[in-house]
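Remarks on the structure that follows.
A, B, C and D are the chain letters, set down in written order, and residue numbers restart from 1 in every chain.
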Amino acid sequence: MAGNSFGVQFRVTTWGESHGPAIGVVIDGCPAGLSISEDTIQTQLERRRTGLSSITSQRKEPDKCKILSGLFEGKTTGAPIQILIENKDADSSAYDEIKDIFRPGHADYTYHKKYGLRDHRGGGRSSARETACRVAAGAVAKELLAACGIEVFAHTVSIHFVRAETFDRAVIEQNIVRCADPDVVEEMIDSIHTARKNGDSLGGVVQVEATGVPAGLGEPVFDRFDADLAKALMSINAVKGVEIGSGFSATSSRGSENNDNMTPGDPPGFASNNSGGIDGGITNGNTIVARIAIKPTPSILNEQSSVNKDGNAVMVRTKGRHDPCVCPRAVPVAEAMLALTLADHVLRNRSAKA
Amino acid sequence: MAGNSFGVQFRVTTWGESHGPAIGVVIDGCPAGLSISEDTIQTQLERRRTGLSSITSQRKEPDKCKILSGLFEGKTTGAPIQILIENKDADSSAYDEIKDIFRPGHADYTYHKKYGLRDHRGGGRSSARETACRVAAGAVAKELLAACGIEVFAHTVSIHFVRAETFDRAVIEQNIVRCADPDVVEEMIDSIHTARKNGDSLGGVVQVEATGVPAGLGEPVFDRFDADLAKALMSINAVKGVEIGSGFSATSSRGSENNDNMTPGDPPGFASNNSGGIDGGITNGNTIVARIAIKPTPSILNEQSSVNKDGNAVMVRTKGRHDPCVCPRAVPVAEAMLALTLADHVLRNRSAKA
Amino acid sequence: MAGNSFGVQFRVTTWGESHGPAIGVVIDGCPAGLSISEDTIQTQLERRRTGLSSITSQRKEPDKCKILSGLFEGKTTGAPIQILIENKDADSSAYDEIKDIFRPGHADYTYHKKYGLRDHRGGGRSSARETACRVAAGAVAKELLAACGIEVFAHTVSIHFVRAETFDRAVIEQNIVRCADPDVVEEMIDSIHTARKNGDSLGGVVQVEATGVPAGLGEPVFDRFDADLAKALMSINAVKGVEIGSGFSATSSRGSENNDNMTPGDPPGFASNNSGGIDGGITNGNTIVARIAIKPTPSILNEQSSVNKDGNAVMVRTKGRHDPCVCPRAVPVAEAMLALTLADHVLRNRSAKA
Amino acid sequence: MAGNSFGVQFRVTTWGESHGPAIGVVIDGCPAGLSISEDTIQTQLERRRTGLSSITSQRKEPDKCKILSGLFEGKTTGAPIQILIENKDADSSAYDEIKDIFRPGHADYTYHKKYGLRDHRGGGRSSARETACRVAAGAVAKELLAACGIEVFAHTVSIHFVRAETFDRAVIEQNIVRCADPDVVEEMIDSIHTARKNGDSLGGVVQVEATGVPAGLGEPVFDRFDADLAKALMSINAVKGVEIGSGFSATSSRGSENNDNMTPGDPPGFASNNSGGIDGGITNGNTIVARIAIKPTPSILNEQSSVNKDGNAVMVRTKGRHDPCVCPRAVPVAEAMLALTLADHVLRNRSAKA
């Protein structure tokens, strides 16, 4: 069974390859009566587009979305919503030479082994271009969440050894690394420029948050909110780790330190948020906080040793157009995946009580 | 939609509460013709049982499993396999006083908010007792995997500030913390004893691995092997983080350092394993390596401030019988979740090619 | 992927074989706060039990149900509900001689081909004994429906050539064939007795209805209410046809005759019910009406020609204890499947609007 | 949860409205390495197109399909296959006057009640135009089946009171009613012409068959092959009944008459096919035979009484362009649904044995 769908009740299926004629997503399960528009979706797509700064890929894709179904007089009808984005600037020539070669850190070898053949042009289905579809669907999910008072945002908290120390939400979208600490922005940008100049790439950490989330979302014991969120975030290209709340740092703390004491009120509150807003797999009303580990882009200009389809040794450089650090553009993608997870669980939770 | 099932083709559904008459699991999708027995399952359940050492809960559950269906003359028939485990040593009296109180770090408040009522006895459905069912189902999955040459194991790599530095697989099951570094075992045990004495608890990290995994498992772009594994592991009680391969440490490395160069051969090999055996969401034939962050047990004897159902301030101590550190008993549970994920994807991969 | 679950949001998974130690069903997705009891379930199981009249199998099963989970102080908790029924009167000796023989009209050959082995005792998993689990789960579904004002019932409308001509709901449960026309009851019973005496069996038609169903249930274009109901009913042993409303008779009518004109009101009404309460796959508020074709029981004492596992010709008589006509006991089973379909769609419909 | 997907492993999701810019289908789970082309799909779409004969709707849709993803150098890659069909001849003006009126026998009222709003243009999502997507996906399924030696076909067996008495497969596609009995073709056509002239419509029965089906397909006890096929066929617009093999006629037969005796051989055979190729929910190797009851098209020119959105009485005539009898164009749609069911179960069956 193939796995190109996410969500149970707010269910998205993405399709399309990096260098095919188009990519897209169909949303099945968006409730009727929600106001959406191509403009709303376009605004989110713009945040993920390439070619907008010195630290992203120079591929020039307009990423114009078209809503082909599910909308009538500006409102969702309950029918599937198909959103299509044409590929306009695919340049497959750079990929001819890797047709029979497996690039280290890429999905070349694994797709070849799994399917017996692969569309090598621009990484085909494994390209991060697919994440545009997630952002488009996430834009619809965000509209559904907004109607419930839920807001989602993300920001870069570290790139290589440079870490944000302060948080000012207002500055996130004002700098090209999307960092909430204005004091480290230049250093982050410099480190990316240096890496690119050296034919190399960098990793980093992105934090994603949601405010206004009601207590009660999540379906134990397997479709817990944290479990579904971990899947959502780990399914993003280049992500190798997910932590929620205090995450890995909780492993070196004591229960008396890590427990979030509850405070009186209606609803009650919490004296801290080590839980990241989730207890026992169900949201507790506190802010959702998760972080993802993004590995350095595997595409680097430096020569690396690898093998070809015959299993023989080859040297390979990755040409094509790539981001030397994925974090800034991963911000809207991580937001989208959190928004999709929330939208799905908001609907699922409608059946919790008789 | 409720979420007590895991897996698509090898699908398990667990049921039962900590202090109900029994718990159990039904496996739907186990192929016919596999030899299994209650003994095989019992062996795994014994590894997770309480009351076996000084650092686990003193609840005395025999955890005897009964296979009620799906087996004929020692072989699976393709029909659902129901495994039942009776609860023999539930003592609900310790929980009477928390009936109307929400314990910090527990699921008391969130279950109450989600469902409007909760079975407070021993944590009800949110108790880690449920993981016995995962271990039972995982034992069946392990048999399916063994027939494919796949082996799964796990071990504690850190408890609080004590970290394993060396790896000797042979010693894992010979010490009560299940650590592969014999030199730190005593220190780990001491730190747990100290925490318990202080009415406190500790967190830690468990690493889970699988060898003999063929290249090709995983279903991009959402049901990637890493995404499904992240969900599987994050769904375990007390887990707050999952990382694969180099994980969060990859975020401070360069592409030239983190990429696993490929080496000639049939099949080709890898010069390193920063990927943790997964590229582009599909297994690459290398060993699967993942780590989980386990928070300190929320149940502590120290008094904490919280609220009751009316939202008023209360002080609460957690009585009942608990593990001061979950890691040792999380080892078989983490193995089970990796085994269930592998079994599911082994079957799913049967449809990859025409 | 195996198929022992039904429903998406109100999801039941049955397990167990005719001659194993027990059978059962786990319900995942029953909302919290619903009052249920073993008594309520037992009442429905009694209606399906064998050995209660001269026209059913003489197997004596008490069919006592035990609720093992998901219930707390008489109310559902939102956790999975496991219902277990022990097998008490299995007599496998009658089946030894068909161990290597395929009975005509049975699932012996197809299970053997699919799974490579089969539990031949009492038909194993393919036995209609499994339908007790459906009735148990259906009893819970009926409680959920009752809270919405929906009521489900069924009755035998024909046995062999004897057809009901009138309808008096009050008499259905007062006769052993469960027919709503008292004038044909004796003739139906006589025809069954005659068939049994001749070592033969009879088919018939059962009609199932639901009143109080709100307009709006069903999820086009595939999970339409009629489509899911057709699956539900066709999944019952021995059913070979399903029709809704005017069904096959609509094929020889004109649009002007078959269309149900709408009548003014709030909500509006219908001048007829050829639709069986479903238009465009969605319930329209009218009574749901469906009929199922039940083939004559394949188990007959008359000798038939068949083959054994080696493909050689054999003669076979079906011993064991069987119903000469399934219709009377199919009534509660058909009700259960309609109730399960309704419960699932009531919950699914909660997400139709934003 | 919405329901626009069909199949578990060979999973199709259709989208689009009758008068929107386009309709389409995404197939997730088609194995890699299958040769397909737009031509193959187009051939099937041509069979379903309108405007080709005197007895179908006069809407002129070229129904040209474009494959937007999942194909590389003529072969499937294992990635989702998106097939898009533009709407070229939508004329919404005829529908303006029914904007606030519910047509009898249509989905107008039920969509309005379920979703709170509806796209009234050409029936929106409830239009049979959606079945073009099923035919497109079915064409891909047929290629997968052809590689397994399975062939699917269908034919009209009755229209109103005119019934086929003989069967000559060669003539089916040579007449515009797609009937296998050349002697009744003219009478069928005449009856349709008469109905249209009278502003009325007719129903009929279509039979669908599959040859070369191996024993073993179907997943008891709920996803039985017959149950999934019943759902597949009942989900087609205007279908009100499904029967398999001897179907409803089995209800007036005896077990000794209806059982299909088995005949020696390797594999063994059957002396008859009352089962329609399915025993115990699993295919037995015999030809699959099912029939569907198609109601007379609800769209008729004759005036009917109905209500408007305010619940007040109105008279309504259905303008727009419609088929006076759906059967001929239902033939390729029914084939598609059987092909999709078979493709799904061929893949599902790959996990039956260890």
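Assorted remarks:
In this text, contacts are C-beta pairs under 8 Å (C-beta built on N, C-alpha and C of every residue); 3 or more make two chains touch, one makes a residue touch a chain.
These numbers were taken from a predicted model, which means no experiment stands behind them.
Between chain A and chain C, the least number of touching-chain steps is 1. Each chain's centre was taken as the mean of its CA atoms, and the one lying most distant from chain A is C. Interface note: chain C and chain D, two copies of one sequence, contact each other through mostly matching residue numbers (shared numbers exceed half of all numbers used).
Chain pair A-C has a twin interface among B-D, C-D or A-D; that twin, with over half of the contact pairs alike by residue number, is B-D. Spacing of chain B relative to chain D, judged by their CA centroids, is 46 angstrom. Inter-chain spacing, taken between the CA centroids of chain A and chain B, is 26 Å. For the pair chain B and chain C, the distance between C-alpha centroids works out to 39 Å.
Taken residue by residue, chain B touches two or more other chains at 1-5, 8-9, 14, 29, 32-33, 78, 114-116, 125, 347, 351-353, whereas all remaining positions touch fewer. Put simply, chain A touches chain B in their complex at residues 1-6, 8-9, 14, 102, 104-107, 109-111, 113-116, 125-126, 130, 158, 160-161, 195, 199-205, 215-224, 226-235, 237, 239-248, 250-268, 271, 274-276, 278-285, 293-300, 302, 304-307, 311-313, 348-349, 351-353. Residues 1, 9, 29, 31-34, 76, 78, 144, 147, 347, 350-354 of chain A touch chain C in their complex.
If you check the complex, the residues on chain C that touch chain B are 1-5, 8-9, 11, 13-17, 20-24, 26, 28-30, 32-33, 66, 68-70, 72-73, 75, 77-82, 84, 114-119, 124-125, 347.
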